[in-house]
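What follows are several structures.
Common to both upcoming complexes is subunit A, partnered first by subunit B, then by subunit C.
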Partner chain A sequence: MIAAKNQPSWLRSLLCYETLLLAVLVIEWLIFYHYGTSTNRRGHLVGFGTLDRQFDILRHSCEIGLLALALTPVILTAGIDLSVGSLLGLCAIVFGKLWHDGGLSIPVAAALTLVVGAMGGGLNAGLITALRLPPLIVTLGTYSLFRGLAEAITQGAVTYTDFPSGFLFLGQERWNGLPMQAWLFLLMTVLVWILVHRTTWGRSFRVIGFSPEGARYAGLPVERRVSIVYILAGIIAALAALIYTARLGQAKADAGTGYELFAITAVVLGGTSIFGGRGSVTGTLLGVAAIAVLKNGLACLPVVIRLNAAEEISGLLTGALLLVALTGNAIPTFLKYLRAHRPAR
Partner chain B sequence: MLSGPPTPPPLLTLRRAAKNFGGVRALRGVDFDLQAGEVHALLGENGAGKSTLIKIITGAHQPDAGEIIVAGRSLTGLTPSLAQQLGIACIYQQPALFPDLTVAENIGLRLEPAGSMRRINWSLRRQRAQELLTRVGADLSPEAEVRTLSMPEQQLVEIACAVGAGARIVVMDEPTASLTSREQDRLFTVVRELRSSGVGIIYISHRLDEIFALADRVTVLRDGESVGTHAVRAITHAGLIKLMVGREVDQLYPPTEFTGGEIVLELRDVDCAASGVNHVNLAVRAGEIFGLAGLVGAGRTELARVLFGLTPADRGEILIQGRPIAPRSPAAAVALGLAYVPEDRRRHGVVLELPIDQNITMAIHPRLFPNAWLKLGAEQKLALDFIRDLAVKCAGPQALGGSLSGGNQQKVSLARWLATQPKILILDEPTQGVDVGAKSEIHRIIRQLAKAGLAVIMISSDLPEILGMSDRIGVMRGGKLTAILPGQSDAHAVMAAALGQESEKGAA
Partner chain C sequence: MNHHVSRCLLFATLLLAGLPAVFAAEAKLMIAMMPKSKGNAYFISCKHGADRAAKELGFELLFDGPTDSNAAKQNEIVENWITLGVDVITVAAENKQGISTALRKAQKQGIKVITFDADALPDARSFFVNQATPQGIASGLMDEAARLCGAEGEFAIISATLTAGNQREWLKYIDERLAEKYPKMKLVAVRPCDDLKDKAQSEATALMSANPRLKLLMAICSPGVPGAAEAVKQAGKTGQVKVIGLGLPSENRRYVHEGVTDSVMLWKTEDLGYLTIYAAAAVARDELKPGATSFKAGSLGTFEIKGDNILLGQPFIFNRSNIDQFDF
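The block that comes next holds the complex of A and B.
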């Protein structure tokens, strides 16, 4: 995107957006490692540089990471899904209720929760494809609807807790060196990557994103393909709900509030065009990592700790990072526009 | 060119006006003049250069060469706003008014000076709108919302704007295309009044009857050139048609080898109310090129869309090799062996942001990638084969669709559909906006495809192409297939059928 046409191909692939984002991520990490790590009085390493802290970052970014994965195909089709955070909350409650009040075993309750996620996504898909309503409006509606349902089920008060340790393992323990949910996240990343980059389905998401009319004229099943991205988003949101519940050990109605915005930010920061067609799962992964490291790394900086303003500063910097990335991505297009519209003499 | 008494200087003169779009020469040195108080008709086939000429006069396009003289002043950089100041107004077929504002507001927006801090004098605005409406004989309330008005009423509002702006030159682009005959009469009255007040009117229409009823002079354009300006009194219907088409079909078209084949596609009384297709009966044989002629808006693309499942038929039967089918979506049509190379290749034919190979394989995903797993090697190989066979000029199969010239985009669009190995190929304006070289290559490819046994339906507004390529020629008008002519027909017969000369005499 940034590279010019006449450069050698290795240079072009080196200059692509993902590589630049990776460089930003590495620099970011090194800065936090340098300034955010210290030794306490007993001689132990504390702060950003510890392994525990790194695992913490991983644990905390898995749910938003999963939502970002779910949103990547959606945004590739030039759609949007604002309801994933609310659906996460609804699924957490449904899971807790099925297990706690319904007396179902954990695996059965989890499976049913995934089905509920698929149905939530299916509702979005149906409204968008059958009624041809804009995704922004539909998912803005279901954003409130799903959250409202979650609150109605719990009457705003009930929190499901006391999950068995076998289930909590999913969110709190390590397996083969990494937190359990990181393995799940990795698995989903590979699956979504394959779907987007190696199958005709992913191909058609891009075609639809670039030109829905062109896709229709080419005989692609546009409605079916669009449906699948929203249903998939629902299923992944349900999976994120399970991980969230396991990590905190409790299911409550406000689970995942505001997550959709972090996820969208990560996807866009990862280089996926909000207008559809362009983007990659690798980019999304880097976007998630860049935001997660920024958020957690800031909390380790002495100056930030002194100010007690980690949340505020991380919000500020995430926004700035996103705007810089978007501007950088838009500059070639802007230059082209200027050249094309130079006033005639 | 004019004879008789010395005439006053014309309102508008074009001298050797020329305009190219890429490799396409839209206008090649046209002379044109407009006198005060005359209706000057502009006539020509689709693509003869009428729209380009109008856009030069209204300042939307700058001519590449030639001179524009308005009221004795030679203009080099005519812009739409300068044209407006000089009293040039254009009334399009589709009025460009704001539907949610009232008539008075629309007129006010056009005529009152702009300024963000200016106060609006509502009563003056209303009063002025009322005056203008009365002057053009429109019985409308200035308070009416434009969306509640009919098409001819909206046109009257446009004319009122032109009058209010003190226009001396009014261009009317097919103003009667969607009018009933009574509305048309009313419009004519207004046009005649404008003429008697000294306004010069450039009147574009495909309907010869109107030209004879209304115009003083007529200029015929053909292939971007003016083939003559005549006083309407001194010319006949037949004479005009001859001027419009009067050229030899060049011998560059590859000869047909069609001798007959089984019927592949049959339509029986096919109707589609939504797109205006009306009782179409048709049978196309394997190996045949069936040309579909007619004016723009005659229903040819609409018929193709019905066949391709984009706007499914509501009545009638469609049969492929004797088997009734009812395609409800393009995906279904593709599976039945239909292929449609659409007219608007930049919007529908090629995805400009994707590379050539992905564009070519787009319609054959299920066949090329049976497990939905992309096989990039196979895709690339297929693309290379088509690039070679169709001689697509490109940097390689990874070059983006948008980087290609019009003719090469068209070849990629064609390749996508040939890859589906269809039984029936529908081509919609296959060589529109394509340079001459690529055009004859595309003709050669089409002929080869027919020879290989495909049934080809070729929609074209390019009359020589229709005559040179078709084994039979269907002519559409108003959503109906009004005539089927043999391939050896002459241009005159096709044009007469498209204009509805025989059947509609005295009907209006």
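The block that comes next holds the complex of A and C.
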């Protein structure tokens, strides 16, 4: 970011945004490790430094992490999807209803839930590409629509519970050392990373983000490519719904409320431009981690514990972190602007 | 190596070197308490009692919960407390099943669990501090109604819905109490208000015009009490048709002072918090074990235990003489 052309390439790559974000993450982690770990009365190690805590961070951030993954290609095409959190809620309810009231087996209900997710994403895609409506407005509409549907199905009162332990395993147990959902998250990360960074499709997302008209002149099927990212977002939101339901052992219409904003924050913090065209899956991953570690780490700091306000302070600091990162990222552009407008001597 | 890099390295080394020097072991027992939502006046009042108890006992009290009633956040907070290694967790559960998975996890780690206000599944906690039994609520309301009516005459009930479990149970015990002790009183109607004040008001108006000899309206859901009071006031029947019910003092203070509502019944929420913390402390010290039949909680005295429910006892009646002392 600040590297000039004549500096060695290793230094340039060291100064890129992702590396800086990684540094922030490591420092954050070390601070919490240092100040948030202690031994309790019974002599047990407690707080941030415990392995359980690290696994909890993974478990608590999987759903928002998945939504952030889903949003990365969307934002790369200069789009936005505000409806993913609501779609998560709708999918959780659909899954609960199919299993509990519909009498379907867990795998069938889960598969159908993924189909519903794809349909939800498809609705967004259709409205955005066929009718050429702005994504912000379309997904603002479906944001209310999906949540409203979830509430209507349950009359806002029914909560589906009593899921079999085989399903709860997905959200509550460990498999080969890691929480089960972390494996799924890892798998999705690899898939999305390959899609975005190693395929021509991924390159076309960026091209569309930079200039949709240019992409169209270049012969890219813009509508089809844009549709794909929204449908993919819907499917991933459905997957997140399954993990959420398994983690809590309940499906309720308020599932995932507000998650879309956390996910967008993570993506933008990860260095993806909200105007499209620029960004990476690695960045998103770091953004998710930075926010999750901040949120969970604060809850371990004695000062914050005494104040009983972990949630409030983490909201505040997440906001501050995002603003600082955006400002930092904008400085080179600003300097360039200043240099270009320097009065001639 | 330039100065910046070396300074950064120095900082990192210092951080790492300091790692073994963790905090001195906490001598105090730590009790964590979670309301359904931490901004709710009802639970803030619980916290006042809990703070008092923790101070008396010399324990550390953590009080945290979702800002809105959110089951997912409740679970995350419990999981946080588990890794913080607290000694006891007390919870007012937003969702029975959801919270129970997290509470069982806490129990597995040797943390004691107690619920208050709203129970989790029985296997996920050792005791439930029960603020009021259905019998206690029903007979309390019925006795108060009989006292105001002189044990004779017509009365009607406004409930939340006709299907809600707790409402049906209360109605059942009200019927029992009525048949058993007050043969000269007659329940003319039970009408649902869907937990809405507006609907309670229109139902109350309809009840009064359909039953001109009606002496009392009893609302067994909290929005029903001010709703019924507003109807009585607008019909100009203040004093002629009395209003009582289950509700918060704050919502009914105005009507109580105007003489429309005679009394509102609820448990003392501060005592609920106080008792919960005393029970938590006793469980942590192994002084309170399953099978106990009574339990002494500081300045509040002795409480009855039925099964694994610690009973707060009879509900408290708020009327003109004492309602200003309570701000929830």
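Definition applied: the second predicted complex is superposed on the first by the 339 of 345 C-alpha atoms of A that agree within 3 Å, B and C clash if a C-alpha of one lies under 4 Å from a C-alpha of the other, contacts with A are read in each partner's own complex, and residues count from 1 in each chain.
Assume a residue touches a chain if its C-beta (ideal position, glycine included) is under 8 Å from a C-beta of that chain, and two chains touch if they have at least 3 such contacts.
These numbers were taken from a predicted model, which means no experiment stands behind them.
When both complexes are superposed on subunit A, subunit B and subunit C fit side by side without a clash. In the superposed model, A:Ile31 lies in contact with subunit C only, and not with subunit B. In the superposed model, A:Arg132 lies in contact with neither subunit B nor subunit C. Considering which of subunit B and subunit C touches more of subunit A, the answer is C. Legend: residue contacts after superposition of the two complexes on their common chain; A:Arg203 is shown touching subunit B, with no touch to subunit C. Judged by the touch definition given at the top, the superposed model places A:Leu220 against subunit B, while subunit C stays out of reach. Look at A:Gly249: by the touch rule set out above, it reaches subunit C but stays clear of subunit B. The superposed three-chain arrangement places the nearest Cα atoms of subunit B and subunit C 31 Å from each other.
Annotation: subunit A has no residue touching subunit B in one complex and subunit C in the other.
Contact residues of subunit A toward subunit B in the complex are 198-201, 203-204, 206-207, 210-211, 213-221, 277-278, 344.
Interface residues of subunit B, counted against subunit A in their complex, comprise 62, 77, 310, 329-331, 333-334, 340, 342, 347-354, 358, 362-363, 365-366, 369, 372-374, 416.
Residues of subunit A that touch subunit C in their complex: 30-31, 33-34, 37-48, 50, 52-53, 56, 60, 159, 161-162, 168, 172, 244, 247-250, 252, 254-255, 257, 296, 299-300, 302, 305, 308-312.
Remark: subunit C residues 12, 15-16, 18-19, 22-23, 25-30, 38, 62-64, 66-67, 70-73, 75-77, 79-80, 82-85, 87, 95-98, 100-101, 110 touch subunit A in the complex.
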